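Structures are listed in the sections that come next.
Next come two complexes, and both contain subunit A; in the first it sits with subunit B, in the second with subunit C.
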Partner chain A sequence: MTEHIVSPKIYLAIFATLMAGTGITVWAAFQNFGKFNIVIALAIATIKATLVVLYFMHARYSPKRTQLVIVCSVFWLAIMLSLTLADYNTRRHEGRLASATTCYRA
Partner chain B sequence: MSNTPPTLVRELPHKHYLNATYGAGLRSWLLTTDHKRIALLYLASVTVFFFIGGVLATMIRIHLLTPGGALVTPETYNKLFTMHGVAMIFFFLIPSIPAVFGNFLIPLMIGAKDLAFPKINLLSWYIYVIGGCFVLYSFGTGGLDTGWTFYTPLSSVYSNSAVTPAVLGIFINGFSSILTGLNFIVTIHTMRAPGMTWFRMPLFVWAHYATSLVMILGTPVVAITLLLAGLERMFHLGFFNPALGGDPILFQHLFWFYSHPAVYIMILPAMGVISEIIPTFARKPIFGYAFIAGSSIAIAVIGFLVWAHHMFVTGESTYAALTFSFLSYLVAIPSAVKVFNWTSTLYKGSISWDPPMIYALGFIGLFVIGGLTGLFLACLGLDIHIHDTYFVVAHFHYIMVGGAVMGYVGGLHFWWPKITGRLYPRSLSRFAAVVLFIGFNLTFFPQFILGYLGMPRRYHTYPPEFQVLNVLSTAGASILALGYLLPMSYLTWSMRYGRVAGPNPWPATGLEWKTDSPPLTENFEVTPVVTWEPYDFKNRPDLGLGTGTPSPAPAHGDD
Partner chain C sequence: MHRTGQLYGHFETLEQQKESAALGMWVFLVTEVLFFGGLFLAYTVNRGAFSTAFGAGSNTLDIKLGGFNTVVLIMSSLTMAMAVWSAQVGKKKLVSIFLIATLGLGTVFLGVKVIEYKQKFDHHLIPGQGFDMRYRSEHPRATDDPKEIAIEKEEVEKTFAVDQDTNAHGQLYFSLYFAMTGLHALHMIVGAGLLVWLIKASFAGRFTPQYNTPVEIVGLYWHFVDIVWIYLFPLLYLIDRHR
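What follows is the complex of A and B.
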């Protein structure tokens, strides 16, 4: 399998983008976007992580099977997060079930 | 079925992996990259942890002989069951079949010379040993009293025992598991011999492929989770401690995201072992090959969706509990597919009662009981009654000991002739299998009743009316111990004095039986070309079956 050579220009461009992302993260941390604070921080972090995986880890130039493995692992992370949040996000509805689950909680 | 005494005196091959000339003595073992030798390094190390866990279990059972506790203080009792769980789960059950038999057999079964990354394979063993040393250090310097589940904030704040080295040890050991899984997946994808298509692979290999997926996808989560608990303990960072802004239930979610699938890391390889033994001793192609292969993958995938059934009474929302209860029932389907296919394979088979077969049949019975009682626990209403009782203890021991350890010991008997080149005494080994089965049931069946009657797990005392069942359980544990000591004794004896087995003593159909016993370092002199379907006894004249001539090497004809 031949190794793909990435030009220094691309590496520098990605590095600059990552630094800019860090700058935006720091700037955003001092602003108040209400409940979007966490959304913005995570969105920037996700974009930066994606760039690292695609270019620094060469995922963009890897065989399809390697890319499938990466997508699967992200999917598994999504399973972990979504099913965990299925617990946290439904606790506020508990009151409606209170009478039916008195015994359950006792 | 009685076998005719052999007329042929066999000898071990002159050159094999055990007497290969590279290096000398201990050095040739500690620096080996041969998957078979690394498997034996693992065999020795997991046996050490099995002994440690076994001694701790024995002390627990002796303590519970009397209602007030006969042996140790309450604090020490907490440490006994915690250290028993940690030693057995993280350092025996999880690595046992994959790291010993998976390492030894996967390259042989698919016709490869070694695993894809031999040096990483050796590295995984060293990581296991380093992780093990951390945990043993924890055991020796104050012990561990949090339960093997390390629930926070007990583990991260309140426990006075040596939690930090233990969680570091398990964190380190996780990398061993990840590297083993990675090695297996790459090997199975890229190193199959010509003609060894995916659907010609032995089901043992399919089971290990599924297991490897769980190892790679799950282990990082538990490793990081335990590290976070350690960081909270050492540096008071708030992850799980409510006083520091953390959430204790989050620990349970993250812990069980791995630790429930970890049950499938233990049982799937054992199922792979059973899928090899059953057709061999029923002399029949396995029933429903594709379904058994697919059910391994299904168990690995669905196994990731059920974790919060461990948390029905620890504060998760009722909606989530309902979802996880439903998903937990689903995992019974692929498990049942396997059991029905194994029993269908037995139907009209030409069954011989060789020792591995007795272990395999024992596995099926015990796994069925363990699996069905798992459905009781997945039921939301019933789980309220039996949560954290001895019912749970009995259930998971039926899966992990009745299932995984029976599979391990059965596999040991099945492949011992391949590993060492020698056979063990047949009658004694059949007797040991029966002793193990009886001892196991006597130990753990009373615990179902105890749990249903309300005896909580992890308590060092109990009301006097529970004593009869506890005494029965302890008596069973003594028989069970004999059931383990017997194979250890005669298998060790056989390494020197056992009759030479020949390449294929049973005979079985896998590629591993087409090379010498013990095999060459390179496994095969010539890369094999596979032209037959799996478990096909009819079109394999090389097995010496179905032609009216006796098997070339009847197993165990000498006693």
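What follows is the complex of A and C.
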């Protein structure tokens, strides 16, 4: 098996896409999409991150073993985020979190 | 030593040796994903509970500096990727040039971060005794336009009307802001150190198509730090710009 060399053309194309993504993120942040502002921002960030992982970090051309490790990281992150948020979002927590803030008062 | 690119006894080929090194770096990056993930989680939970104060805190950040830094960091990822390519095709001079460019861009990023931290210090936005998010005249945004200043003043007053504890909840925002960007900056500093080491080795002509593992591995690390910023920028700077 020989090493796959990603050509500078692909790097430049990815770079251009990342720049465009940054521009769209800033533009979208100033529009009022209501609840969807955060969804749009995170969706664009995730697309950008995926491009970086696939091409700049060569994940697309890596052995399956390495790809499995990458997928695992996302999987464990998803467990941490989804279970914790499911917990916070289904409890009546607001009063308790707010009362905790007295200790932050200057 | 591995650094010379010799084949270790427990590997069959140089290719396998290189893949194993990359795999090891990826395993480290998995721990980093969960490390930063915890902070993003803390941010999400607190932002959900105190969205007014978090929005007001976010709007004090300078979007021009943040945007500029995003562009700088993505450019540094491109130059890092190009350094890997140069090593793979055996252009030894280009390896050094691209590594130096990456280090330069990384330094620019950190310099801009210093300017931003200094602004927060001047504006009483460091969590602790002097913290105060109420409007004050020495807090202007990038502009001296009286209209803009009036809008800012009104926004701050509205924020306090909705959330009387803005100063308490704002400190949560800025604690997370400094923890997340500070930790990110620390990773950049480590990355800059690694780049200095790579640049020295590249001057010695160490990296060839047969042996470029260190460039590849540091590249993985550098791109990861870029990815963290790709999420930090919208979450910290852009969450409440649409009012």
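Just so we're on the same page, the second predicted complex is superposed on the first by the 89 of 106 C-alpha atoms of A that agree within 3 Å, B and C clash if a C-alpha of one lies under 4 Å from a C-alpha of the other, contacts with A are read in each partner's own complex, and residues count from 1 in each chain.
The criterion applied here is as follows: a contact is a pair of C-beta atoms (placed from the backbone, for glycine too) under 8 Å apart; a residue touches a chain by one contact, two chains touch by 3 or more.
Predicted model, so just to flag it, every value in this text is computed and none were measured.
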{"item": "Which of subunit B and subunit C A:A45 touches, first, second, both or neither", "value": "second"}
{"item": "Touching partner for A:L12 - first (subunit B), second (subunit C), both, neither", "value": "second"}
{"item": "Partner chain in contact with A:F36 - subunit B first, subunit C second, else both or neither", "value": "neither"}
{"item": "Which superposed partner A:T90 touches (first subunit B, second subunit C, both, neither)", "value": "first"}
{"item": "Contacts of A:V53 with subunit B and subunit C, given as first, second, both or neither", "value": "second"}
{"item": "Subunit A: partner with more touched residues, subunit B or subunit C", "value": "C"}
{"item": "Subunit B versus subunit C as contact partner of A:P63, first or second or both or neither", "value": "second"}
{"item": "Common ground on subunit A, meaning residues reached by subunit C in one complex and by subunit B in the other", "value": "65, 72-73, 76, 80, 84, 88, 93-94, 97, 101, 104"}
{"item": "Subunit A partner contacts - residues on subunit B that touch it in the complex", "value": "189, 217, 221, 249-250, 253-254, 257, 304-305, 307-308, 316-320, 323-324, 380, 384"}
{"item": "Residues of subunit A that touch subunit B when the two form their complex", "value": "65, 72-73, 76, 79-80, 83-84, 86-88, 90-91, 93-94, 97, 101, 103-104"}
{"item": "For the subunit C and subunit A complex, residues of the former touching the latter", "value": "15, 18-19, 22-23, 26-27, 29-30, 33-34, 37-38, 40-41, 44-46, 48-49, 63, 67, 70-71, 74-75, 77-78, 80-82, 85, 88-89, 127-132, 165, 167-169, 171-172, 216, 219-220, 223-224, 226-227, 230-231, 233-235, 238-239, 241-243"}
{"item": "Subunit C partner contacts - residues on subunit A that touch it in the complex", "value": "1-3, 5-8, 11-12, 14-15, 18-19, 22, 25-26, 29-33, 37-38, 41-42, 44-45, 48-49, 52-53, 55-58, 62-63, 65-66, 69-70, 72-74, 76-77, 80-81, 84-85, 88-89, 93-94, 97-98, 101-102, 104-106"}
